[in-house]
Amino acid sequence: MKKLINKPEDVLADALKGVAAAHPELRVDHQHRVIYRAEPKADGKVALISGGGSGHEPLHGGFVGPGMLDAACCGEVFTSPTPDQMVGATTVVDRGAGVLHIVKNYTGDVMNFEMAGELVADSGVRVETIVTDDDVAVEDSTWTAGRRGVGVTVLLEKIVGAAAEEGQDLDAVLALSRRVNGQGRSMGMALTSCTVPAAGKPTFELPEDQMEMGVGIHGEPGRHRVPIAGAAEIAERLVEPVLADLQFGGSPGIVMLSGLGGTPLLELYLLFGEVAPLLEKAGVQVVRSLVGNYITSLDMAGASLTVLKADDELVRLWDAPVRTAGLRWGV
Amino acid sequence: GAVSLGQLVDWLSSFRDAVHEHGAYLTELDSAIGDADHGANLIRGMDAVMAALDPAPPTAGELLKKVGMTLVTSVGGASGPLYGTFFLRAGAVAGDATDLDGDGLVALLRAGLEGIVARGKAEAGDKTMYDALAPALDAFESALGGGSGVAGATRAAADAAAAGRDATEPLQALKGRASYLGERSIGHIDPGAASAALLVAALAEAVD
Amino acid sequence: MKKLINKPEDVLADALKGVAAAHPELRVDHQHRVIYRAEPKADGKVALISGGGSGHEPLHGGFVGPGMLDAACCGEVFTSPTPDQMVGATTVVDRGAGVLHIVKNYTGDVMNFEMAGELVADSGVRVETIVTDDDVAVEDSTWTAGRRGVGVTVLLEKIVGAAAEEGQDLDAVLALSRRVNGQGRSMGMALTSCTVPAAGKPTFELPEDQMEMGVGIHGEPGRHRVPIAGAAEIAERLVEPVLADLQFGGSPGIVMLSGLGGTPLLELYLLFGEVAPLLEKAGVQVVRSLVGNYITSLDMAGASLTVLKADDELVRLWDAPVRTAGLRWGV
Amino acid sequence: GAVSLGQLVDWLSSFRDAVHEHGAYLTELDSAIGDADHGANLIRGMDAVMAALDPAPPTAGELLKKVGMTLVTSVGGASGPLYGTFFLRAGAVAGDATDLDGDGLVALLRAGLEGIVARGKAEAGDKTMYDALAPALDAFESALGGGSGVAGATRAAADAAAAGRDATEPLQALKGRASYLGERSIGHIDPGAASAALLVAALAEAVD
């Protein structure tokens, strides 16, 4: 295993030291592994927290700041944070208007946030929860764990963060978050596995001539292993299931093509150059886009596509000022 | 024979040793159908448990609740709340007891398992830790009913847990992150079922 | 080779399509492979162009926009652009106040920009050139090619871009660029090689237990191959030669820790957590920092450290508004 | 015998074939001490040259200047301006000639080499293309002086270029990006010297 780390068991604690050193505008609670805004938002505004396993950076810590999250609870690599972290964060960030928990749909994340919700119930802080589940690679079904929450989480944190910042109340913020989640779809693919520091070797082996379609963000194998293809064909295989799952026809789209951590920007732009015309051809007008590393899977090579069916209101909130380590405009 | 508080501590200590010994194996299983952290998760959790434990706990209830709370706050992932809830519920049932007969032990484990189900909604055959724990408890009860002592019953439970673990191999996962793999989850032992089998084996060792 | 590309020989052309699709605020000249601001800066202001081989993204195209570059000339992967590209870009961006060429010190880049300068000499556009050479891994010497230009190029494009934007004339801009280059030092290291698309396999093989110290940004081996070490020791080996080369004592520092393309943000933050205290201990006050992928080497795993000896003026220009794909604040 | 315009075109065409055939080898050499693009650079450049060439050029000067300009605008890197300048300068000396005797050919190549030196400041032993080209030209001239015909002289030049290429192996690079490697550049043949040897060999082939 080749990584810029000290001991595998110290990865999270050590990385948080770097976050603190790099970002005076953030406050890091090293004991509880929570990243806060150094300057809390104004009283009376809804607060947003999220969290999950580490290894997806900049998600979520890189999205803490004006216009997005109030705090991020950091779990060990690929391991959801523990309820006490969310309880602490919720209590700290509440400005009297309640707190939205943004949870990606993984059993562990859901259960830990659920326990946190139970624990915080008596404290007088009103908590609502949105569970994102946008991954079209996983067939939805009532008797399984449902779809994974992936890229739409980034777009949701941005858009809903803007609504909270402009003073919308918790009901409105919750309704908006459901709308965004319901209108976003994602699909990912990987050229390589990744290496979890504590495991010390790649999670799976992928031959030189094979790739995985339908991966999530935990270095897990995808739904299908298929022969490797060129960017044009990969683009089709990302776009097709996304468009098959939700009618976008005619509406504008906010599009994110995120690298999984080990893929250089040059390749992401190249792939986006294939994706964008396919979307346009299908009638999705790409009005806003993000190309880069936004929701990653350690050092995995690959990319995930997220398309959000937008409208004037969502675009307005998307364009609203944001000032975080990972997204920054309008300020 | 009755199971003492000391033996409960031995159980935990022996489970800690087991997850250390088999941590790489658990992570290996989790690499195939999960995210390669199950071993690390339980090592972190059980190390935290042993560090937090009162070496001379006053009651079984306090002991087990402390274990549950420590797991909940140190493991994370799916297994943290699940094993955590298991011990929290078991502790609630154990209450002030300072030693437990076979029926007492069964009641406590049954409550723990119900906690896992309440938390994770797993059913038999979903390919989870439930598939090792549920047959273990059934075997425990029928052994007791058949006249076995506690030691014999826990050995029967450990065998059933191991069999339950192995029986997860051909299943398609319907809960947890292995379910995202769909049919590709078939042909692999569930990591949580494997750690659950270690948990029951540790119990058999401790009360032997 | 596992890459999100079509044909290796089309990588640059294809990637530029993606840049154009993702960035309506940029104008891409696909024929000449030049990225311009869609909205040129005001008349009478000095313009800045840079360029170099591709594979270092976001450098340089990601730094085109208000507050930084006016245009970036894109060469093939790791191959400097050709003089006609620079001639065209220079002519287009000139607003009557002259053009600064920002060139990283590599024989190819220097010669191609030099030829461009000769070709443009008669056109009436005044051109000045700054050649960056901040890499302390390469011993300086009058009879060799000199030091490589690496990370300081990013800081220079930001700071000098701000000066041009506020209306400083070409002499002032040139003098400032010399000052920035003279006060910046960099050192890089790699855990793996990278794969040039046209070559189809890693440039060199690096055993599991070895790393390269003193690499540049072209996937080349470093100055020394040494046993792999933990982040704390790697930090020391990056900081030590930088501080040995320039007296920073007491002055504030603008610090960049850039990934080389294949290293996830989690590890970069972790390494920065080791680097920052070492700098502070040596008396360099880290007043501004960047941690992320800013000057990369395709998919190489590793990082480079750049430290710029700053002062109030440089910090003021650093903080000035910038709106590019790769750096964005204050606007 | 005199060298015709057609033979000059053959030279270029045969060099194009050679960089295609040996492109992987050139890139391999550039991987060891450079940035793994020398083969791709020259393939791109010579393909552009052959596509741009007037099949029946009016003069050697126009032919060679066109080659130089095409290389300058299509190759980039270090080798683009260097080989480009070589042909630009050679073309300037060739002027209106439509065929060249041995001395004419030498004058033209000499001017080209001076262009490379003017552009890149390389000296003998710096481990660059100069180290193949300079001995090749010396061998050419002395073969002509010793009474060889043009064909014989170009063969002598090709042999000297190959020897010069091989002689770069033990050198430490002092120019170009190989110089960044310091002592680690020792023990590898310089990629530009290797392509220069191909260029001279192609000439020998064309005038044979």
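For clarity, chains are labelled A, B, C and D in written order, and residue numbers in each chain start from 1.
Definition applied: contacts are C-beta pairs under 8 Å (C-beta built on N, C-alpha and C of every residue); 3 or more make two chains touch, one makes a residue touch a chain.
The chain lineup, named per UniProt: A, C = Dihydroxyacetone kinase subunit DhaK.
Small disclaimer: the values here were computed from a predicted structure and weren't measured.
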item	value
Approximate Å spacing (C-alpha centroids) for the pair chain C, chain D	32
Inter-chain centre distance, chain A versus chain D - centres from mean C-alpha coordinates, in Å	54
Chain centre separation (chain A, chain C; CA means) in Å	29
Where chain A touches two or more other chains at once, by residue number	77
Chain D: positions in contact with at least two other chains	none
Arrangement of touching chains [line / ring / star / complete / other]	line
Pairs of chains in contact (touch as defined earlier), listed by label	A-B, A-C, C-D
Partner chain C, residues of chain A touching it in the complex	2-7, 11, 14-22, 54-55, 57-58, 62, 77, 191-192, 208, 211, 228, 230-232, 234, 261-274, 276-277, 286, 289-291, 293, 296, 298-299, 301-303, 323, 328-331
Interface residues, chain D side, partner chain C - complex	27, 31-37, 39-41, 44, 72-82, 119-120, 174-177, 179-182, 184
Touch list for chain A against partner chain B, complex	8-9, 53, 75-84, 106-108, 111-112, 114-115, 135, 137-139, 143-145, 148, 196, 198-199, 203-204, 216, 218-221, 223
